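Next, two complexes with subunit A in common: one pairs it with subunit B, the other with subunit C.
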Partner chain A sequence: MDKFSYINATSLEQVTSLLSESGWGEVMLIAGGTDLLGELKEYVETPKTLINLKTLPGMDGITADASGLKIGALATIDDIARHPTIQHHYTVLAQAAASVATPQIRNVGTLGGNLCQRPRCWYYRDETINCLKKGGDVCYAVDGLSKYHAILGGDPVYIVHPSDLAPALIALGASLKIVGPEGEKTLSLEEFFTLPATNPFRENVLEPNEIVVEVTVPQAKPNTKSFYLKAREKGAPDFALASVAGVFEMDGKTCKTASIVLGGVAPAPWRSKEAEAALTGMMINESVSQKAGADAVQDAQPLNDNAYKVTLTQNLISRAAMMAAS
Partner chain B sequence: MSDKEKKQGTSISRRSFLKGVGTGTVAATVVPSVLIGSENAAEAQAGDAISTATIQLNINEKMYEVEVEARTTLLTVLRDGMDTSGNNVDLTGAKLICDRGECGGCTVMVDGKSVYACMMLAIDAQGKKITTVEGLANGDDLHPVQEAFIKHDALMCGFCTPGFVVSSAALLNENKQPTLEEIKTGLSGNTCRCGTYPFIFDAVKTASRKM
Partner chain C sequence: MASWGEASESRLIGKRINRLSGKDKVTGKAKYTFDINRPGMLYGRILRSEVAHATVMGVDTSEAEALPGVKAVIPLIEIGNKLRYQGQEIAAVAAETDDIAKDAIRLIHVDLEELPHVVTEADAMAEGAPQIREDWAGNQSEPNIREDGDLEAGFAEAAVEVEATYSTAVQTHVCLETHGHVVEWEDEQNLTVWASTQGVFGVRNDFAQHFELPANQVRVITEHMGGGFGSKFGPGIEGRAAAELSRITGKAVKLMLTRKSEHLVAGNRPSMTQNVRAGATRDGRLIAYDMKGHGTGGISSGAGFQAPYVYHVPNLRTERVNVAVNAGNQRAMRAPGHPQASFAMDSLMDELAEKLGMNPLEFRRINDANEVRQAQYTLGAQEIGWHRRNSVPGSGTGVKKRGIGVGSGLWGGGGGRGTEARVTINADGTVEAVTGTQDIGTGVRTVIAIIVAEELGLNTTDIMVKVGDSGPGLPSGGSGGSQTTPSVAPVIKTAAAAAKQKLFERIAPMLEAPIDDLRVGTGTIYVVSDRTKTITWEQATGQLGMESISEGGHWDEELRQNGAAGTQFAEVEVDTETGAVRAIKIVAVQDCGLAINRLTTESQINGGVIMGLGQALLEERFMDPYTGRMLNANLEDYKVPGTLEIPEIKSIVFDTHRRVTGVGEPPCIPTPGAIANAVYNAIGVRIRELPITPDRVLTALAEKKA
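After this line comes the complex of A and B, so read on.
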């Protein structure tokens, strides 16, 4: 790691003001640090200053009441995975949190960090490679090794978004509170993430002087079943090869509404409107669930090494739908 | 950069000055010895930029005063750090292996929870209770996990063992009677290249009966 100076944050105003004084990458934010320190050790980022957010008071809470769920950006992933109300009423989120990395990382990694973590692409993470994402001319995954890359929404940068929490939260209809120099704003978490076609350098719409402070999730509807299914290469902690966050409002075996968001297959969490349409209003059975999976990947454009993700994604969606009906 | 090099780059007089005016460190507070934009350490306030700092760490219930750079990891302090009296911290049980928070060799407990010491900045460990594998035994009385690892021969080369022992102890801290599945999940952040997992799982099961 290069040297940096360290500032313990005292207030959101101070943080946004410090961020406003510099451009991208000069002043960076650190909470759990499990993603950022990896980037610093690989010299992918070389900030002059880190602002430690952990000293900000009152940003690590989780509250659940009749209005829904509020989770501070500094809540740890372990806090989310173990929260009894989240386990009971927002199951997809508890399952997603429990699937993140390892106990050691869940103990320090935060919600805000998980949502804002950078891609794991091996070209992006290699300091010697100036790929398209880092301002170069080429996304090397296109002609290079692409086993872990995007099958949907990739053009022109084929990273996948590594977050497990994001697909689950989007499927639950979460909103995100962001604070900037002009005050706070709220947007849907789905709108927070962007595709490379919009901006190849970023994965979200956060401005250089803004900070994610809280996620809110509306109250779960009655008769809702939700699941997070995550396929990994081995039976060991890892990022998703493909994952499905499914939230189903059920009436017996009939699906009243379905919310299907994919992880690990696109540069942003990927809502599958096709799968949702194939399930909504339907009595779920084998053929309906398989059609939902097939519809979700009909526009997939795999690279040289990742066609397996098409089948994998399709089957995960079918499986989630069958679980909702069982 | 080693801590020895860092020491040479630090002004003794400033440290003496700090002590002289009684500006000690308190839990969760960094007292910077070098400030950007200010040479006077006594003016340090929350929100100032710190590039190096004298910090107090509670490791295995003993206080260590160490000088660190902002970028110094907890693992570096444990293994290669030197306290301000010139004594090596010398807690080399936590291993530097992947240095990326993947292998688990550097696992220590911070406030009773397992963390990767390679992915935690030392200045973030202030005010917290750090327990390394050296701090688990009570004198000659081994921790039940350590006893069980010996009983079940739960190691081959042994390089990953300190990390596994700490992760096992952290798991049993919060779950006294884990199932096999819970043991596997609890130890999923540690890797054994010799593949001694079944023996490790048996050892944790045995230790859980003694906790």
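After this line comes the complex of A and C, so read on.
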């Protein structure tokens, strides 16, 4: 990696003002560093300055009360995976967190870093390949090797969003607090992520001078069941080939509301309105759950090597629905 | 006639004995080449080609040389020469720190004229593909053709036929310790090298030749080694570069490969594709076999595999070519050619058996002339519960389906001449065993201690074993071909016996007994005809005074045997919704003759099974046709088995005789075939391509449904 200077953060004001000195890539934030260090070592990013966020006080807490959950951006993945309230009432999130990487990475990787992590696309991570996402002319995945790429929402950049926490949090209706030079703002986590058609270079709406500080999750409704199903080639560490975060408000076998968000199949966490519609108000059985899966992928546009993801995603959705009904 | 004696007479040989270096390894005390640091040592790095095919028009190292801390920059390719794969060496740098060296190679400017590349076999074999090897038209070697019997007559006799294509991906070695050396010149004539190698003496000779030095002025040390699997026999370009940098700077240089380079240039197992048509008679005899196949070992040749494998077919024609692609060269990898061959053949066997309506194990029994394996079939079938398999493949209910399969293998492992060893008994009772072999993780250090301790009536911890050092000038061969123990053990045994004999000669007068009457007990020596005459080991060696005993040994053919048959049975569970294949249990029945250390023999079998499982389910090199680059030259997308993938492994040491046979390689051979057959038995859809990853399973299931 190239040389950089390292500044310990002391306040959000200091951080945003340092960030405001340049655009993307000059001054960068580091939390656990589990994603960023890989980029630095491969020279995918060559910042001049790193701001260490871990010295910011009070940003790593998790509180759970009647209003819901509040998780600081510096909370570790492991803290989230082990939190008793999250395990009981926001199961999908605990399961998603437990599925991330390895114990070592979960111990240092943070929530903020997880949401803001960059793509794993093997062309992107190769310093010498200047693909569309990095300002080049083509997305190499289109004609190249696309086994791990997007089947939904791809055009013109076919990365998949690598985060496991994001689909779970979006399915739970989470919001995100962001602080910039002008102060703080809150938006739904779903709106935070963007598709490449909007901006091929970034995966979310964060501005170069902003920082993610907190995620809030509304109180779970009674009779809610939730699951995170993650298909991968290897037990650990491995990113999702496809994953489903499902949150189901159930009345017996009938699904009152369903929230289905997919990971590993699109450049952003992918809410499947089609699957939700197929399940809402329905008595869940084999054919209903299968229809939900099929509806979710009806617009899928696989590349050369990833048609299997269509079947996989479909199957994971019906599996999650069947689990909700059992 | 020399012999290892009866099992009942053995105190240590054949028992489960902890590795002598185990504690050092788990506590981190063991020093690998990577851990060696010398005073004033510099760090070496290599600039490698990022493109797959190009002519070097110029290399400008001036900026790198000017970087403070850089001590030397040397070219590794001549201007005008071609780079023929990503990762090929261009120049090397030595600097005061590894970071400076890393920065420095980025300051070397290379002027390239890019040439068209082909990095996949399909592209290389395509009509009009650019020719990347002058000597191979169409990027293919001359076909290797073999004919036997009468193929047409064979097919005429066949009651059933199968026609299928089987293929396996390129697999890389993934040595946990990457290749590399620490090199230090004492003066212009004396060189010391710490090498991560499987062949201390081979590396010594290579360095000596390269620098035109007498061999005994080069000392190569490999105290501990982090995996080689066939890829670490010579110093390689990186070793010679390190030595050159060290010579120029007068300082020690450490140069270890990066993980990426390890994937790109440090060897790989070639791919294999077989287009087979084969037939069997109604009564279950293989009768005809017609195979056209190819594989790639990168830009080099060496993509061989046996076909047919293990089972005998009287009428056959096989035709095999090597395909050149712009990728790093293959190197021997744990049982070169065999796992691929076994996967294809054992898949074919099952397909034929099914057409015959025959139990696949029965079909194998009919066609397998190897008596050892015949016995192994029975034992393995019992251990896995062969009767539990689906008699109709894929007939299990539910989403997750289980299946059972079998695969076979054969290896040599008989060892050979060329090892010299010395066993020394000192007056203070200490015992040293020295030889120039190397312990590459297989546990030969402990094996040597066991043999000497058994012979002298001592404990393994009483024996000081010195291996992995060419300094004492006692050569031994490289650790390859599963030859180490069968090559070394006989020499150690005879050396220890000779030393014992010498000791008996020296103390016989004191015990007033004929030499032939003396025996070793446990830490004692006694007279067999008069047990009252028993003295301790120390009392005996105390007689030696200033004159230690030091004896050599010789390789005795009677103490080893060639030929290691193996059979494995796998039980898997396939999630038919996600395509995930999980190995549940693997029973590995491995012929190995006398297992000097049963514990490390089992470890070898376990390790082989795990490596075979990686090839079966996970490992695949991905080459991008457009950029010519390996896209997964890391351990994130090149997936090796981790603890979560490892099933219950029942390693059965099938020791049918008491001669030593090497067992390092054979246990990885039958695993892929057994797993592939188990997958078929589970889901009723055959996957003829390794690795069997979820995409392939789901695609195959979808095709069946359609």
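Methods note: the second predicted complex is superposed on the first by the 326 of 326 C-alpha atoms of A that agree within 3 Å, B and C clash if a C-alpha of one lies under 4 Å from a C-alpha of the other, contacts with A are read in each partner's own complex, and residues count from 1 in each chain.
Quick note on the criterion: a residue touches a chain if its C-beta (ideal position, glycine included) is under 8 Å from a C-beta of that chain, and two chains touch if they have at least 3 such contacts.
Predicted model only: the values in this text are computed from it and were never measured.
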After lining up the shared chain so the two structures overlap, which partner does A:294 touch, if you call subunit B first and subunit C second: first, second, both or neither?
neither
Would you check which partner chain A:233 touches, where first means subunit B only, second means subunit C only, and both and neither mean what they say?
second
Based on the superposed arrangement, let me know which partner A:123 touches: subunit B (first), subunit C (second), both, or neither?
second
When the two structures are overlaid on chain A, which partner does A:44 contact: first (subunit B), second (subunit C), both, or neither?
neither
Once the two structures are superposed, pull the subunit A residues common to the subunit B and subunit C interfaces.
2, 236-237
Applying the document's contact rule, which stretches of subunit C touch subunit A when the two form their complex?
50, 103, 399, 577-580, 618, 622, 624-627, 629, 631-632, 636-637, 639, 641-645, 693-696, 698-699, 701-702
Would you mind writing out the residues of subunit A in touch with subunit C in their complex?
2, 120, 122-123, 126, 128-129, 140, 143-145, 147-148, 231, 233-238, 241, 305-309, 311-312, 315-316, 318-319
Of subunit A, residues touching subunit B in the complex
1-10, 14, 30, 33-34, 37-38, 40-41, 49-50, 52, 54-55, 78, 101-105, 107-108, 236-237
Which residues of subunit B touch subunit A once you look at their complex with the stated criterion?
28, 30, 36, 46-51, 53, 69-71, 73, 99-101, 104, 107, 110, 113-116, 119-121, 123-124, 167, 170-171, 185-186, 188-190
